[in-house]
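Both complexes shown next keep chain A, but they swap its partner, so chain B is in the first and chain C is in the second.
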Partner chain A sequence: MTNHWRDFRNSDVILVIGANPAENHPCGWKWAHVGRDERGTRIIHVDPRFTRTSAIADVFVPIRAGTDTAFFGGLVNYVLEHELYHEDYVKLHTNASFIVAEGFKFEDGLFSGYDEAARSYTTTTWDYERESGPQGGGGPKPGLGQGTTSTTPTTAPSFAKVDPTLRHPRCVFQLLKKHMSRYTPEVVSQVTGIPEDKFVAVAKEFAATGAADKAGSVVYAVGLTHHTSGLQIIRGAGILQMLLGNVGIPGGGVNAERGHANIQGNTDNAISWEILPGYLGIPRPGMETMADYMAKVPAKQLRPNSINFFGANYKKFLVSQLKAFFGDKATAANDFGYAWIPKPAQNSSWLTIHDEARAGRLDGIIYGGFTGVTVGPDSRRMAESIGKLKWLVIMDPLPTTASEFWHAPGVDPEDVQTEALFLPATHWIEKSGSFTNSGRWAQWKHKALPATGEVKDDNWILGHLFRRVRDLYRKEGGALPEPVLNLFWPYSDPGNPGLDELAMEVNGVDLTSGEQLSTFTALKDDGTTSSGNWIYAGSWTAEGNQMDRRGTDDPTGLGFFHGWAWSWPLNRRILYNRAGADADGQPWDPTRPGLRWNGKKWVGDIPDITATSTPADAKGAFIMTGEGVARLFAPGNLTTDGPFPEHYEQTETPIDNLLSGTRRNPAAFLYEDAPASFADDDAEFPYVATTYRVTEHEHYVTQNVPYLVEAMPDFFVELPVELAEKKGISNGGRVKVRSKRGEVEGVAIVTKRMRPLRIGDGKVVYQVGIPVHWHYAGGKGEGEAAPMMANLLTPYIGDANVRTPEYKGFLVDIEKA
Partner chain B sequence: MPTEPGLAIRRKSATPSSGTKGRSEAIEVSKLVDIDLCIGCKACEIACKEWNDLAPDDTANFGSYQSHEDLTANTWDLMRFKEVDLDNGDLAWLIRKDSCLHCDEPGCLLACPAPGAIVQYENGIVDFDQSKCIGCQYCIAGCPFDIPRFDQETKKVYKCTMCVDRVDAGLEPACVKSCPTGSIRFGTKQEMVSYGEAKVAKLKDRGFDDALLYDPSGVNGLHMMYVVPRGDMLDDYGLPSDPDTTTSLSFIRALQAVRGVGAIAIWAGLIGSALYWLRSGRKRPPPEDEAVAAAEELGRDDDEDAAIEPVPAGDAREDDWP
Partner chain C sequence: MQEVSRRQFLQGAVGGGAAGLAAFGFDAEAEAATAEARELKIQNATETRSVCPYCAVGCSMIAYTIGGKAANTQPVLVHIEGDPDSPINGGTLCPKGASTLQLALNKRRAEHPMYRRPGGDKWERIDWDEALDKMARWVKDARDDNFTAKDDDGNTVNRQTGFAFLGGATISNEEGYLAAKLMRGLGTVYLEQQARV
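Up next, the complex of A and B:
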C-alpha cells in the first residue's frame, strides 16, 4: 500500500476491485466503515462475484474475470475525455510532459519492438526523447527524510525532453490520451460485461475525486494480480490515481491488500527471485562486477530536479547488504563479495523452478510455508513435477499436500521415487517476531503458545541445516564454496539465530561505532556500515526495537500514529507524500494536510524529501524514479509487455479481443507442453471460473480447525441460478467442475450473487466461483475421495512480467454430479 | 450455566416477589448489532461456542454461506444469510446475527412454570438455569423470536446467556469481544440507544430511508437491539415487525385466568385448544412425554401458580418440526 489500513477513514470514495476485504481483511477493512460513519465515505465494489464486501458496499459492479485492464482503461479515458484530471498535480508530479522518442509505436495491440518468434519485446523504442548534449554538472543532491544529505556524483546522461504545456503530439499526456481513447464506455461494457450506464455512473463518481480537495482510494488484492496481464492492471490503477491526483494524499493511494499477515514482509525481504532484500535488482549474467551492475541496474537521473534517491544511493544499499551477508569477508578489495551473489541466467519464479523439476533438471526443493500441489497452478502438473525430484523437504506446522503428495488420491506410492522429509516447524502463533502488514507497518508480535513436542522454529532448522552444509563444504569442497564459507554468522547460538538478532542485523549497524543505525541515509558504500535490508533501517535502533512500540498519540488526527510500531521507510505512513502538496508546499486539501511546508520545514507525516528542502527547490516528489515524477508511461525495460496498459483476453477466453487483433498477452511466457493444456475457445469449456478464499478459512491449514470447519464445512462451487437451471443443478446438490486440466467435485451454491453478464454483441457469459482451501492432507479433507483442490483446474501460465499464475478467469464446464 | 452470579435479580420464573432490587442499583445493559457494519464473518458464532464450551457441530453445507440451517441447543448464535432482489434490480445479501434478544418483558420467563429456571437480572440479561429447567418447553412457546432450543439428550432448553458470567466480571460478551468490525457493541442500554439513534440518522443521510433501531415496545424493548439499514425488510431479516409478549403468552395467560376454577372439563378443553393453537400457530409444539412427567412432579409439590395439569403427549416429534 502507498497508504495504510487506518487511512481508509480519510477517503471520500474507495474503489475496491479484485479484492474482498470484508471477507479476507476484516480487521483492517473496518476503517472503511469508520470513514463511512464519520465522513460518508462511499464504497464501490467491482468483482465477478457479489461477496460479503458487496453486501456492505454502496455500489456493486459485476465484471467478467480478467477484464480489469479494460475497466481501468475506460476510467482513464473517461477522466481524460471529460477533463476531470487534477491538472496541477498531473503537471507537477507525473511524466505527462515528457516527450517520447520517435520510434515508439502502438498498432493493433502490439507496441513497437515485438519479436513474434521470441514472444518478447526489444524495449529500446520505449524511451524519452533526450535533450542534446550532456547535462548535469554536480549531479543530484539526494537527501531523504531526516535531513542527512550526501552527494553522489552521477554520470549524467542527457535529460528527457519535456513540454510543460502537454501539447506536443509525442508527449506522454497526448500519447496516453490517444492510447486510451479506444476504451469508450461502449467498448468497456462489451469487454467487461458491466452495463454501460453502470460503468458511466461509477466512472463519474470516482472521477470526481480528481478535485483537489477530494480523495479516492483504489484497493485491490490478488483479484488484479492473478492474470497474465496482472502487472498492467495495477499500472492502470496507478495511472488513474496519478491523473486524479490521488497518490501521496491521506485517503488516496494505490493500496494492495496483501495475503496473510506477513506477505508484505516476505516481499520486502526478497521472497521473489528477481530481487535482493529491499527491492535491489538481482544481478544477471553479464554483470560480473559491481561496476557492471551499477552501470545497468540503478535508475539514472532524467530531470534536473529529480532527486533520484534510489538510483543515486543504490551502491550504499548494496554494499551495506553485502556487509550484512559476508561481514569481514566483504572488502573493497573483493568488491564486497559481489561476485558471490547468484546471477540467474533465466527466470526463477516458482513456475520455472517446478518446470525445471518436471524436466528432470532439479534434484531437490525445500518448501518452507509453501505447498506446490495446492498452490498450483495445475495441481496435477505440480505433483508430477515434485514427483521427479530426488528429494523434497517440507518445513511446516502441519502435513501438507506436498508432504503427503505420494499418497494423494490416485497416486500409487510405489511409483514415487522422491524422498519426502517432513520437518515439523512452529506455527507463527508459537513464536515471536515481526509481521509487516499491507500498510508497511512492521509490528513485533509475541509468542502466544509454547511449541509442543519436537517441533522447531524455522530459524533453528535453517541454522542447523546451514552449519551442516557448511561443514560439508569445508570437508569436501564443492562448486563455488565462497558464499557458504564466507557467510557472516555472528549469532549467540549459531544453530538457532535469534529473531531479535536477525531483526537487528536487517536494520543495520555502523561498523565503526557498533551502534544500531536509525536511518538508511547513514548507509555508506565504503564498507563501514552494514544493513541487511535498507528499507528496514530504523526498525531496531540504538533506542531498541521500534516495531514493538505501542504509542497511541495521533497529533495530526489523520491516523498516522507514528508512535505505534514502525513502518518502512523511516516510519513514513504515506508514500510519496510530497505529492500531496502543491508547488508551494501547501496540501491540496487543507482539511487533510498529509504534509505541509510551514516556511521552515515539512510537517505532518515523515516527509519523503529532506525536511528542510524548500518548495522553491522544486524537488520531484517521486524520489524512487529517475524522472522525479510518477510514470504514466513506463519507459525501457521496466515492463516486458508495454509502457501503457493494454487489454488482452485471458489465456482461456470465451471471446475475441474486442480492442485489437492481438488476442492474448503477447509477452506471456509459455512453458513447455503447457499450451496443450489450455482450451483454445469456449466450445468445450463454456464458463468462466475464478478462485478465491472465504473468511472462515486461512490458506490450507484451517481444515484442521474444528470450529472453522463447522462454520464453513465443505468444498463448494458457486454458480448462477440461470446456469443451474440450464444444467439441472439444485442448490445444495453436488456438482462436478472440469477444465482441460482436471476436475473437482463439491456442493453447489446456486446463487443470485453470480449474475450472468452480457459481453460482445450480446453473448451471455456465466461465471463460476471456486474457493481455494480444501485438500486431502489432514483434518477434514483426509480420506475425502472427491477432488476438491481448486488449482486442479487452473492453467500453468503466469503474468508476462512476474509470472504470477492466472488463477482468475479460466474456462470450465460444469455438470450435476 | 451459572445459577446465581452476584448480579441483582429482577425476577425469576414462577417465583413471585423474586426480585432483589434494593440490594444494588444495577445499570441496564444492552448489546447492539449494527447490521451496517456486519460482514457475516461468524467470529461471534465461534467465540460464543468457545466461551460457553459448546462443541463444534458436524455441519454440512446446504447450499449457503450459513453454517447451520437453524439455531440448536448447542448453537446459540447463528449468522443468517438471505439474498433478496431489490426494486431497482440490484441485489441485497441480508446478513443477521441471530441470537437471544433479551427482551425486557421476556416471554420465555413469563411462560416458564419451573421456579427459577429462567432469571432476569436487574441489568436486563435473561438467563436460563438448566439445573431448574423441567424441559416443558413453554419458554419456546412464549418466545416471540423463536430463540430457545430443546436438547433431546439433556431434556433441557438452551439459549444465549449474553455471557452473563463475563458481564458479571466486568467484561463484554464473547461475541462483542470477537467482532472485528465493531458491529456488535455492548454498553448501557442508554448508550446503545444513543448510538443506535445516531446511526439511524446517518443511514438516512446515506439514503436508507427506512433505517430503524429495532427495539420493539411490545416486549418493552430489548437488551440486544439491531440497527437495521433496510427497515422495510424486517420480514426478510427474519425479525417480527411487531413482536408482542402478550400474544406469545396468550395461551399461558388463558390458563392463568381460569386458575382456581378447578373444573377438569374446562381444563381439558382449554389445554386442547391451546395445543391446537400451538401446533398450528407457532413453530414449536408444546411438551413431550418427559416434560409432562416433570411438570406433573412439579405440580405435586408446588403452589397453584405452577400447578398446570399434565398435557397429553403430542404426536409431533422434533424430527418433524419444519
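Up next, the complex of A and C:
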C-alpha cells in the first residue's frame, strides 16, 4: 500500500476492484465504513461476484474475470478525453512531459521489438529521447544527487527531453492519450461485460476525484494480480491515480491488500528470487564486479530536478548489506564479497522451480510454512513435480499438502521415491519478532507461550542446519566453500539466532562506533556501516525497538499514529507524500494536509525528501525513480510486455480480443507441456471460473481450526440462477466442475449474486465462483473421494513479468453430480 | 428501553438459568451459582502483546496466559482478543483472529520430527540429531553436485541449482531475513515465498 488501513477514513471515493475486503480484511476495511459514516465516503465495487463488499458499496459493477486492463484503460481514456485529470499534478509529478524516442511503435496489440519465436521483446525502442547537451558524452557522474539537489547538473546528455506544454506528438501524455483512445466506453463494455451506462457513471464518479481537493483510493487484492497481465492491470491503476493526482495524499493511493500476516515483510526481506533485501536487484551473469552491477542495475538520474535517491545510494545499501552478510570477510579488497552472491541464469520463480523439479533437474525443496500442492496452479502437476524430487524438507507447525504430497489425489505412495523430513516448527505466538502489515507498519509481537514437545523455532532449525553444513565444508571441502565458511554468524546462540539480534542487524549499525543507526542516510559504501535491509534502517535505533512502540497520539487527526509501531521507510505513513503538495509545498487539499512546507521545513507526515529542503529544491517526490516523477510510460526493461498497459484475453477465454489481433499476452512464458493443458476456446469448457476466499478461511491452514470449520463447513461452488436452470442444478445439490486439467465436486450455491454478462456482440457469459480452502492433508478433504481442491482446475501459466499464476478467469464446464 | 448494567445483565442471566434449572430439580446447584458470580477467566492472567497470524491487516492482539511462573510449570493460554489500544484494529478481530487460540493449541500439530522413506506410506519418528544430519547431508550434496562457479560464457555466477527454499508468510521479518541471508550464502537462486502465489 502507498497508504495504510486507517487512511481509508480520509477518502472521498474508494474504488475496490479485484478484492473483497469486507470479507477478507474486515478489521482494516472498517475504516472505509468509518469514512462513509463520517464524511460520506463513496464506495464503488468492481468484481465478478456480488460479495459482502458489494453489499455495503454505493455502486456494484459486475465484470468478466480478467478484463481489468480494459476497465482501467477505459477509465484513463475517460479522464483524458474529458480533461478531468489534475493538470498541475500531472505536470509536476509524472513523466507526461517526457519525449519518447522515435523508434517506439504500437500496432495491433504489439509494441515495437517483438520477437515471435522467442515470445519476448527487445526493449531498446521503449526509451526517452535524450538531450544532446554541451558537455558531450557520458552519463551523470556517480555520486550525483545524493539526497539533495544542490550538486545536480541542470542538464546532461543522458537526460530525457521534455515538453512542458505536453503538446509534442511523441511526449508521454500524447502517446498515452492515443494508446488509450481505443478504450471507449462501448469497447470497454463489450470486453468487460459492464453495461455501458454503468461504466460511464462509474468513470464519471471516480474521475471527479481529479479535482485538487478530492481524494480517491484504489484498493485491490489478488483479483488483479492473478492474471497473465496482472502487472499491467496494476500499472493501469497507477496511471489512473497519477492522472487524478491521487498518489501521495491522505485518502488516496494505490493500495494492495495483502493476504498473509508477513507477506509484505518477507517480500521486503527478499525471500524472492529476483531481489536482495530492500529491493536491491539480484546480480545477473555478466555483472562480474560490483562496478559492473552498479553500472547496470541502479536507476540513472534522468532530469535535473530528480533526486534519484535510490539509484544514487544503491552502492551504500549493497555494501552495507554485504557487511551484514559476511562481516569482516567483506572488505574493499574482495569487493565486499560481491562475487559470492549467486547470479541466476533464468527466471527462478515459483513456477520455474516446480518445472525444474518436474524435469528432474532439482534434488530437493525446503518448504518453510508453505502448502505446496494446493497452492498450485494445476495441483496434479504440482504433486507430480514434487514427486520427482530426491528429498523434501517441511518446516511447519501443521501437516500441509506439501508434507503429505504422497497422498495427493491420483498419487500412489509406493511410486514416490522422494525421501522426506517433517520438522515441527513453532507458531507465531511461541516466538517474538515483527510482522509488517499491508500498510508497511512493522509491529513487534512478544512470545506468549513456550514451544511444546520437540517443537523448535524455524531459526533453531536453520541455525543448526547451517552449523552442520559449515562443519561438513570444514571437514570435506566442496564447491566454493568461502561464502559458507565466511557467512557472518555473530549470534549469542549460533544454533538459534535471536530475533532481537537479527532485528538490530537488519536495521544496521555504525561499525566504527558500534551504535545502532537511525536512518539509511547514514549508510556508507566504504564498509564502515552494516545494514541487512536499508529500508528497515530506523526500526531498531540507539533508542531501542521502534516496532514495539504503543503511542496512541494522533496530533494531525489524519490517522498517522507515528508513535504506534514503525513503518518503512523512516516511519513514513504515506509514500510519495511530497506529491500531495503543490510546487510551493502547500497541500492540494488544505483540509487534509498530509505534508506542508511551513517556510522552514516540511511538517505532517515524515517527508519523502529532506525535511529542510525547500519546495523549489524538492520537486521530485518520486525519489526511487531516475525520472524523479512517476512513470505513466515505463521505459526500457522495467516491464517485459510493454510501456503502456494493453488488454489481452486470458489464457483461456470465451472470446477473441476485441482490441487487437493479438489474443493473449504475447510475452507470457509457456512452460513445457503446459499449453497442451489449456483450452483453446470455449467449445468444451464454456464458463469462466474464478477462485476466492471467505472470511472463515485463510488459504488452507484454517481447516485445522474447529470453530471455523463449523462456521463454514463445506466446499461449495457458486453459480448463477440462469446457468443452474439450464443445467438442471438445484441449490444445495451437488455439482462437478471440470477444466482441461482436473475436476472438483461440491455443494451448489445457486445465486443471483452472480449475474450472466453480455460481451462482444451480445454473447452471454456465465461465471462460476470456487473458494480455495480444502485439501487432503488432514481436515475436511482427508479420505473423501471427491476432490475439493480449487487449484486442480487452474492453468500452469503466470504473469508475463512476475509469473504470478493465472488463478482467476479460466474456463470450465459444470454439471449436476 | 431502560439501560441494563453489565452486572444486572449477568445477574438476570444467572437468575433465568436458575429458574430453568429448578424445573429439573437442581435447586441446590442453582443457588450455589447465584451466590457466587463467576470470575473472569482472564482475571489473573498475564497479558502478552501479539499480532494476528492471518491476513496482512496486522490486527494487534493480546494473549492471556495463566501460570508458568513457578519452576517446572508452563503457562496455559486461556484467551486471545483484539488490542483496544491499537489504531489499526481498535480491539476488533474477525472470526479467524477471534479463534486463533484453536490454531495455537491444535491437536493436529506435529510434536516431533518425522521421516518418510522412499516408497513409504507413513511417517516414522526420528530424533532431531539424525534429522538435522540427514538434512545437512542432502543440502551439502545438492549444492556440491549442482554448483556452477562459471557459466558457459565464462561469467562468474557462483550459484547452486540443486535445491530450492520456499518460505511461508507467517514467519517474522527477522526469520525471513535470516533465511534469505543463509540461502544466498549457500548460493541459492531458487528462493521464493507466498507473495507470488
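Descriptive notes on the structure:
Please note the rule applied: the second predicted complex is superposed on the first by the 786 of 817 C-alpha atoms of A that agree within 3 Å, B and C clash if a C-alpha of one lies under 4 Å from a C-alpha of the other, contacts with A are read in each partner's own complex, and residues count from 1 in each chain.
Criterion: contacts are C-beta pairs under 8 Å (C-beta built on N, C-alpha and C of every residue); 3 or more make two chains touch, one makes a residue touch a chain.
These figures come from a predicted structure and were not determined experimentally.
Legend: residue contacts after superposition of the two complexes on their common chain; A:706 is shown touching both chain B and chain C. In the superposition on chain A, contact of A:414 is made with chain C only, not with chain B.
In the superposition on chain A, A:22 makes contact with chain B only, not with chain C. Once chain A of one complex is fitted onto chain A of the other, the partner contacts of A:54 are limited to chain B, with no touch recorded for chain C. Of the two partner chains placed by the overlay, only chain C lies in contact with A:286; chain B stays clear of it. When the two complexes are overlaid on their common chain A, residue A:695 makes contact with chain B and with chain C alike. Of the two partners chain B and chain C, it is C that touches the larger number of chain A residues. When the two structures are aligned on the shared chain, A:424 is found in touch with chain C, with no touch to chain B.
Judged by the touch definition given at the top, the superposed model places A:732 against chain B, while chain C stays out of reach.
Within the superposed three-chain model, A:466 lies in touch with chain C and out of touch with chain B [touch as defined at top].
Residues 26-27, 30, 695-696, 706-708, 711 of chain A lie in contact with chain B in one complex and with chain C in the other. Per the touch definition, chain B reaches chain A in the complex via residues 36-43, 45-46, 49-50, 56-65, 67, 83, 85, 90-93, 95, 180-182, 199, 202, 205-206.
Taken in their complex, chain A has these residues touching chain B: 22-23, 26-27, 29-30, 33, 36-37, 40, 50, 52-56, 58, 60, 694-696, 706-714, 716, 730-733, 747-753, 755.
Here chain C touches chain A in the complex through residues 48-60, 63, 65, 68, 74-75, 77, 80, 82, 85-90, 92-97, 99-100, 102-104, 106, 108-121, 123, 126, 128, 131-149, 151, 153, 155-197, going by the rule given at the top.
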